[in-house]
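Please go over the structures that come below.
Two complexes are shown next, each including chain A; its partner changes from chain B in the first to chain C in the second.
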Partner chain A sequence: MVLHCYSHFLAHSLPKELKGNLIIFCADVASAMFIRATGRNLQIAYGQSLKFLDLVKLSEKSDILPSGDIAALVYLWNPFTIVACVGLSTSPVENLAIILSLYGACRRIAPLAAFGWVMATHLSLYPVILIIPMILLLGYGPDTPPRKLFLQRKYVEVGDTPSNDRCQQGEAVDQPELPYVFSWRPVIHFLFWTSLWLVYVLVLCGVSVKQYGGLWELFKRTYGFMLTVQDLSPNMGVLWYFFAEVFDFFRNFFLIVFHGNILFMILPLAIRLKHRPFFLAFVYIVISSMLKSYPSVGDSALYLGLLGLFVNELADMKFSFFLFCGYIGVSLLSPVMHNLWIWRGTGNANFYFATAMAYACLQIILVVESVSAMLNHDRKLRKLSATKVLDGKT
Partner chain B sequence: MAHLPRRTHSILLILSFQICFSTIFAVFGSVFFQEEFSEELLLKPLPDRKVLAHFHFETTAPPLSTSHGRHHHLFPKAIAQLVQKFHVKEMELSFTQGRWNYDRWGGFDPISSSNAKPPGVELWAVFDVPKDQVDASWKNLTHTLSGLFCASINFLESSTTYSTHEWGFHPSSGGLRYGTLPREAVCTENLTPWLKLLPCRDKAGLSALLDRPSIYRGFYHSQRLHLTSSEFHSSGVESGIVLEQALTVVLQPNSHKMSKTFSSETKLQPSWSLSSIFGRKVTGRCILAKTSNVYLQLERGLVTGLENLQKDNMITGPDHVGSGGLKDNPGFELSVRPDKMFKEVNSLHGKSSSILYEYSIERYSVFEPFDLGLTWKFPVVWSCPRAPLHSSRFLMGSGNQRGTIAISFTSTDLEEGFLSANIGEESCKLQADIFQVVPWYIKAYYHTLRVFVDGQPEAITNVVEKMHVSPSEDKESPGVMELVLKFPCAVKSAALTLEFDKGFLHIDEYPPDANQGFDIPSAVIIFPNFQTSMHYLEDNSSNKSPMLSKFQEKSPVLSYTEVLLVPLTTPDFSMPYNVITITCTVFALYFGSLLNVLRRRVGEEERILKNSASKKAGRLPQLLSRLSAKLRGKEWEPPQSPSTSSSFISSKLILKVFIVAGVAVFWQYYSE
Partner chain C sequence: MGESESENEAPKVKLRPIVRLGMFLISHSHLLSVVCCTAGVLTLLLLPLLAKNTYISENALMPGSANPMLSSQEVSEANGLVKDLTSLDLKRMASGIESQRLIAQYMSNLGAEVSFQKFYPQSNQFHPLHFFSSPDSATIRENISCSSYGLNTVGIIRAPRGDGKEAIVLVTPYNSEKIGLGEALSLGIAYSVFSLLTRVTWLAKDIIWVVADSKYGEYAAVDAWLRDYYIPVFSGLGIQNAEMCHGLEENTIRERNMRDGFKRAGTMAAALVIKVADRSEQFEDSLSIYAEASNGQMPNLDLINIVNYLAVHRQGLRIKVEKMWSLLNCKWLKILGEILESLGHLAKNLNPQWKFGIPAADYVEGTATLTSSLYYQALGIPTGPHGAFRDYQVDAVTLEISSRVSSNNKGRQNDFLLRGGRLIEGVIRSVNNLLEKFHQSFFLYLLTSPSKFLSVGVYMITFALLVSSLPMVAASLYAHANNLDPSFEKNESNHPASAADELGITLRSWKWLYAAKKVLVVHLWGAVVLLLPYFICQIPNCTPTTSFVVWVLLSIFSLLILFWILGSPFSYVYASQPQQREWALLKSVTISAAFIGLCLMSVINFATAEIGALLMVPMCLMAHPLKLDVKSRKLRNFSRVACNLALGFIGFPPTAFLVFKGVFEGFDGISVGDFWNWLESIWAWSSATYLYIGMIHLPCWILCIHVILHPC
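And then the complex of A and B:
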């Protein structure tokens, strides 16, 4: 697949470009492997929780799809990934760092998670918000249905059992219950490793940029460049045109508003989706790749790949066909408009901006609908378990 | 009592007058010998039937230490103050319209290499201040000059338009700033303040020739102001401030009078006179000027042509022209007999040398105006000395994303003998320095520099001797490239290419006519191995002409390339409101819908609660309405549990009404 494409490309590329090309290619393949492993992990957790809730029938009825394989294939086959790889963009490397951190958090490998997070933050700043889902992931373990259900279930079971069997039943319940309480140990491990990696990266950076003005200059030129949208060349997002057109007087205000928009949503989402930290991480990635200052197709490739991980939960998502068509339409129209405007001079900036706007709308719909589908799924589970409980009672 | 004071008063008055007068005389007496002004005009027929007129005014002021404070007799006060205030060591400001044609008008003489300037405004200045204050001085200087010359020189203030350089343009150690405004339109509003700096303005002397319509009708027009001051030199001779004002015009004489053609390929040059090209005559000198001369220069090529003509006509020997037999000159006829004639002293180029006729204006007056005329009798064809390489610059590529700047050199073939005379044949290298400034929105990639010699790609290390690059910084500083190239002498053509990306600007950064494109300032090409100097054999006169001594100075051959016009992509200028509103709407939609999805559980629970509540108390709204009706009837009913809330609401309402009323009263009160 990508390999074929890659080998075709390799034949034409100069040996000089080969090294960078190989790195990017390897990063893509490694990300896919990690996505697959994460998906398996998530699926096992999903199956376990369903079993615990006695909803095995549900899992048997609608057979659980191998979400890890699907996500890995979606990631590798995604035209956006291929484009980013062929275009020698660095986003595959950034994606790899993000996926590495999520994988580490899922498997509770604190050093790996910390390394991934520090690298991802170092490379593109926006993954800094992923620390919340990662702490939740390390504390609670992978995604589960809401905790209340388990408590309810436990209560029902405890209440149901005769008094003489109570202690036995309690022990049996305790065993699967263990992952659902917040465990501080991996979190503290993670924080320790994070600080270690952070110091390591900062020292290395500090040593290498010492003669060019030190770390502060580095931050100003990299993170400052991202936060104050200085480069106004057209990209997939909407901020370049916005800041090319907005009155200078309001520039700072809108910079704060747009970056605040990423931050505003962190807390409500974290409260509402704290039992599904991996999905929370996915939502954060979508939001930041939609609102970041210089978005690229590589970012879309990442979240579209991760979307495959929730194929079971998001099975009844609304507008999925519309979103699919929209993505295809935008990805076809946007290069055409860019070409018309920049190269031929027959188009206008507004046409290209319109496609960027449509793309932003699609992403918004994707975020909103996926969150609502996930919440509906939880609701459905609760309803099912409630009926089950009622059935058990009667 | 009253007489004595009056007498003493009068005595004091007389005394003070005397003192005043004596000081004034002293000032006049001393300054008159020290502050000097001279005016000169050089006329030169050009090979392509045009006439070059080069006005040169020079004003000198003695150093401050030897002069009397800040009183100036001739020297313009504005300039002196400027030098004092900003510690300008050297400065040159030029306003130019049109492009100097290096092929036809010469590229190897002092006039072309020091007076031909790029279109628009060019300013460079050397400051004698500590390095960290140079930028501030530059900013102040640009603002001052912009006020003095009614031009938008203040646009050179922002750091994106000026640059410092290492060694490419002018040999000076730090403190130099260079900036150009290629699009600045030059017109009479810039000439008038320039003329105001002259002691006689344009009322008398040679500057009276400067008739605005005829000057601006010309093909090329460049007014220049060069300032050298040695006020702040710690060592060396103090020569005070020297202000050189030069105006170079290339004019086309009217040629309808000339009708007869001599042969099929050559036409007779148009005859001209001062009154025909300027529309005015010189009516005497500026009284304040020390020297007031008009020169007519015949170029080397022209002299050779005339000599050939003379040989053909079999009149006299080859050196007849040199000996000054003007009446017998076969080529042309002068209406006024020159006072003096100089011949260029040249050791290098053998056969003939250029000739300079001098006319002193002193003996002419209003009643007997000076009107030099030149009437051609026979057609003469000649060419001007040209720079070793003819350079031109152009753009390659299409689209608004990227492009390539190319600088091409073609050998002019003329100087081959010259080269071999200069340097040995074996290790013969032709050196060319390039100084190129690009604005930041032209993001040049200096690693893409490629060199082609005679059409073949050449390794950069073979050609580029030395290179200094300071990359541009977005909205901070322009990119500067300085190169020293060494070509083999036998080079026929060479080219340099440099790729760039075009930047995208904020809507406010576009000039009013954005679709016209952006100008990249001219590159400066210097041939440091070739010096231009014209040394005229003068008869040891004490009063040496400032212009001729300027010509004698050795300066490297210098030429400017064309200004490039780069079209940049433009956003839609009418869209700011639409873009802001649409984008904000979309983000508001995102925010609202996501929050709505997140808080939907609360809604459900509320619905459930409501359902359960409605079962309990279905008549609640009825009760409320009945209660309100009751409340209107009886004010102080013993409150039930729901009535507390309603009374609370009403009290809140009353409070609101009160607040609004209070605000209104305040408003009323304060507005009155």
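And then the complex of A and C:
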């Protein structure tokens, strides 16, 4: 079905896209492929952990949705992706790098993960924070329910009389204690490869920009440009408005505050969601695309695509309809407001900024609701597992 | 949208205040929506009361601070021009070029720089996204015939105190083939002002006088000149065509000079289009102001204010703006006006501070003006050549002056020219004082009389009240549809056995996806319907009525095909979930789509959104399956059925149009072809209203009808 859809999609949009840039188009399709492969991986992991918790019956009764296919389709058919692609934005390439690194980490292919991460960081800097979920992903493997659950389960099984549930215990023994052991080997590999790629990229950059003032100039012009928010032309974010208003002598202070905002959230989220590193990566991506200095619709396309990967876990997410309407409304309203301000001259900057704020609010609601839905899902699993244990005892 | 599905939470949990507020709104949504809706309609009727008097917001304008300098000397010169032009017309020997030469001669005698601009009439093209695109340099000029072209004459005075960066534009459209007296007089007025301005010392902005050749329509001529002014074609088709046509002409060299010598001044601060009406007034000289540009855009209110101020307080002209004449004799409006007047008196008796009453006659007049203001803004068609300027962010108005008696009388004509000239001089002098472009006053407003206006902050309230009921009802329907789920209620009981079901991926909160898909398909169909007239227009020899019938048939056909291709989204939804919730979810999604669409439209063109909301909001709110109503045989249900049918009838765009046309203009001689003509005109002017009808209104109507006829 997915292949059919791909061909459908290709046939439909290829002539249009070819006029633009083939690389960007290919990047989008490749991203979708990698998302699909990642989704498969995550789905298998989800099934395994359910099996491990002896909730197999459930997973069979109501079939687990093919999250990879859904996510890939969501990514490809998302109007934001199409707009970014047709508009020849470079964000599809950046997205591809991020997805590549996540895929590599998921499959525990250290060189690929390291390459993706280095490229993503090189291209857009903000993915640098993804190193935490990637290390967790490489160390623990893909998303699982909380480790406490497994421990509890194991404890119960060991504490039980051996005559009870022997087959089940055997099964548990069969499964290596994979989900809750941090294995250092892939992480070391990853770090090694990262440094290798980093040196490689830096040397290449150094050679190519030698005559333009060297690496330092490169950093100043690229990362410095991102971090100091020099370009105040209106975009979908909220920073341009703020820094257009702020007094010059406060500028540095607020630069630190705004970028600190992203960094503040890293640690608490990492502690709370350490058993679900891939979801943690998703949350980081949403937060950084909300607070980055020059956001674009391509960033939203990425996280909305990744959201599809958690369709099983987030089935009970609240406000889904509200978010859907909000995204449609804002994405239609913001070009109109921009037109009113820039071309017709009857509106002003506040009109457009209002939609940018609404957009930021929507993203906040999305993060909050998806995280709480995920935690609820974990709670539900714990409850189910507990009742299971009780049933087993009686 | 306080859409709290958090009712799912266990009741013991203390909820956040915002969630509780949302729940309150949802639980009382029926009452609140009715209250909001009626309040919206009532405040719309109250709008003429709330209008404020206009005031001049930009201090730099200083209208009327200087005495007019225009004297009888300029007027007599202008009279000469008028006489020459009319005699030229009488002689009939004049092809167009003669009169242009004459005007150019007069201009260059004054010491102005004169240039000609040649343009070719353009056929109407369909630009569905005209609103979003900046005007382009129209390179599509394939089917032009070289023999038919218009010639604009442009004269420029360089300001002695300016740096040539800014300019004020005077436009006098006239038909070069047949010059009427009115057109000659308008040229005379412009000429008198122009000749004065060549001598004054205070001029800080260049003056451009465009004598637009209205052979192919006034708008087309002005638009062509503006396009050449702002978006010059440096190569390609434009020149090629010109070269091609040059072969046919004998005096090529002169032509080439004309073309190369396109003269420019700076950016335009304001533009005035001067016209003299051929009809004469009964009582006194009067001045009509036309201001609506494409998509209901208006020039800055300050421009209208200074014209109004100078005309009334300096020249003693009576100002008129367009009115809906049929409303003036409306009985119920008079009664309403009297009620409001007496209420105002009552309020004044209670507390002398409260002054909101206005006389009944004023109220009726204000309503008529407001209605026409709304209508012309909603139509999205510019009401005159000034509309072309708005596309380049230049504020412009058309001033149509009409004299009391037909101006055979010589002295009378002089007086008329003097007054008109002094008015124009005063406006130019005010605009000349401006330091920046117009920005102080409002761009978004409605006029209820020449000196009263409603700002965006006031009229948005009516719209917000009307529309705010939509998200409330959508949220409550959505919440109910989710709560009605029987399996869900079982889950809610929360005992361990059924807790297992809970893990089952019911995708409970994603059930709206089916309904959303259906709504999306219908909106796509709306886009298809919009494109159909483009093809129907290609059919030769079609009367409007047959075109309309073909259009309707094709639309129905495309709707069927769309459902067939997309695997009939209607069928399998029934299988997957109980129908009772299905229609509620569908209605909820429809209402949300309508809400988003109306909000969007209110930003693009407020008047369209307001009129659309008046039709659509009650229809969306009332929609309820007929079957359910008929089943429970109660009076309340039957009245709802009647309401539904009536609203469904009036909500369909063609019937709505015909009914309104019938009400305002009388029912005799109405045919469906009228709707087609009307639609074709807004289509040809690339109005956003056309998009609104196809993409928002029609799909919503279809979905509402679908809900009403839902088989549950």
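As a working rule, the second predicted complex is superposed on the first by the 358 of 394 C-alpha atoms of A that agree within 3 Å, B and C clash if a C-alpha of one lies under 4 Å from a C-alpha of the other, contacts with A are read in each partner's own complex, and residues count from 1 in each chain.
Keep this in mind: a residue touches a chain if its C-beta (ideal position, glycine included) is under 8 Å from a C-beta of that chain, and two chains touch if they have at least 3 such contacts.
Note that the structure is predicted; figures quoted are calculated from it, not measured.
**Q** Return first, second, both or neither, reflecting whether A:317 touches chain B, chain C, both chains, or no partner chain.
**A** A:317: touches chain C, not chain B.
**Q** So, A:337: does it touch chain B (first), chain C (second), both, or neither?
**A** A:337 sits against chain C, while chain B stays out of touch.
**Q** Who does A:223 touch here: chain B (first), chain C (second), both, or neither?
**A** neither
**Q** Regarding the shared-chain residue A:265, is it in contact with chain B (first), chain C (second), both, or neither?
**A** Touch partner of A:265: chain B, not chain C.
**Q** Tell me the contact category for A:380 with respect to chain B and chain C: first, second, both or neither.
**A** second
**Q** Looking at the overlay, what does A:241 touch: chain B (first), chain C (second), both, or neither?
**A** first
**Q** Should A:346 be classified as contacting the first partner (chain B), the second (chain C), both, or neither?
**A** second
**Q** Counting only touches as set out at the top, which of chain B and chain C does A:367 meet: first, second, both, neither?
**A** first
**Q** Is A:294 in contact with chain B, with chain C, with both, or with neither (first, second, both, neither)?
**A** The answer is neither, since A:294 touches no partner chain.
**Q** Common interface residues of chain A with chain B and chain C?
**A** 343-345.
**Q** Show which residues of chain B lie in contact with chain A when the two form their complex.
**A** That would be residues 398-401, 474-475, 503-508, 569-572, 575-576, 579-580, 582-583, 586-587, 589-591, 593-595, 597-601 of chain B.
**Q** Which chain A residues qualify as touching chain B in the complex?
**A** 230-234, 238, 240-248, 258, 261, 264-265, 268-269, 272, 290-291, 341-345, 348-350, 353, 357, 360-361, 364, 367-368, 371-372, 375
**Q** Can you list the residues on chain A that touch chain C in the complex?
**A** Touching chain C from chain A are residues 55, 57-58, 61-65, 312, 315-322, 324-326, 328-329, 332-333, 335-337, 339-340, 343-346, 351, 380-381, 383-384, 387, 390.
**Q** For a test of understanding, state which residues of chain C touch chain A in their complex under the given definition.
**A** Touch list, chain C to chain A: 1, 3, 5-6, 8, 131-132, 134, 297, 390, 393, 443-444, 478, 496, 499-500, 502-510, 512, 516, 588-589, 592, 596, 599-600, 603-604.
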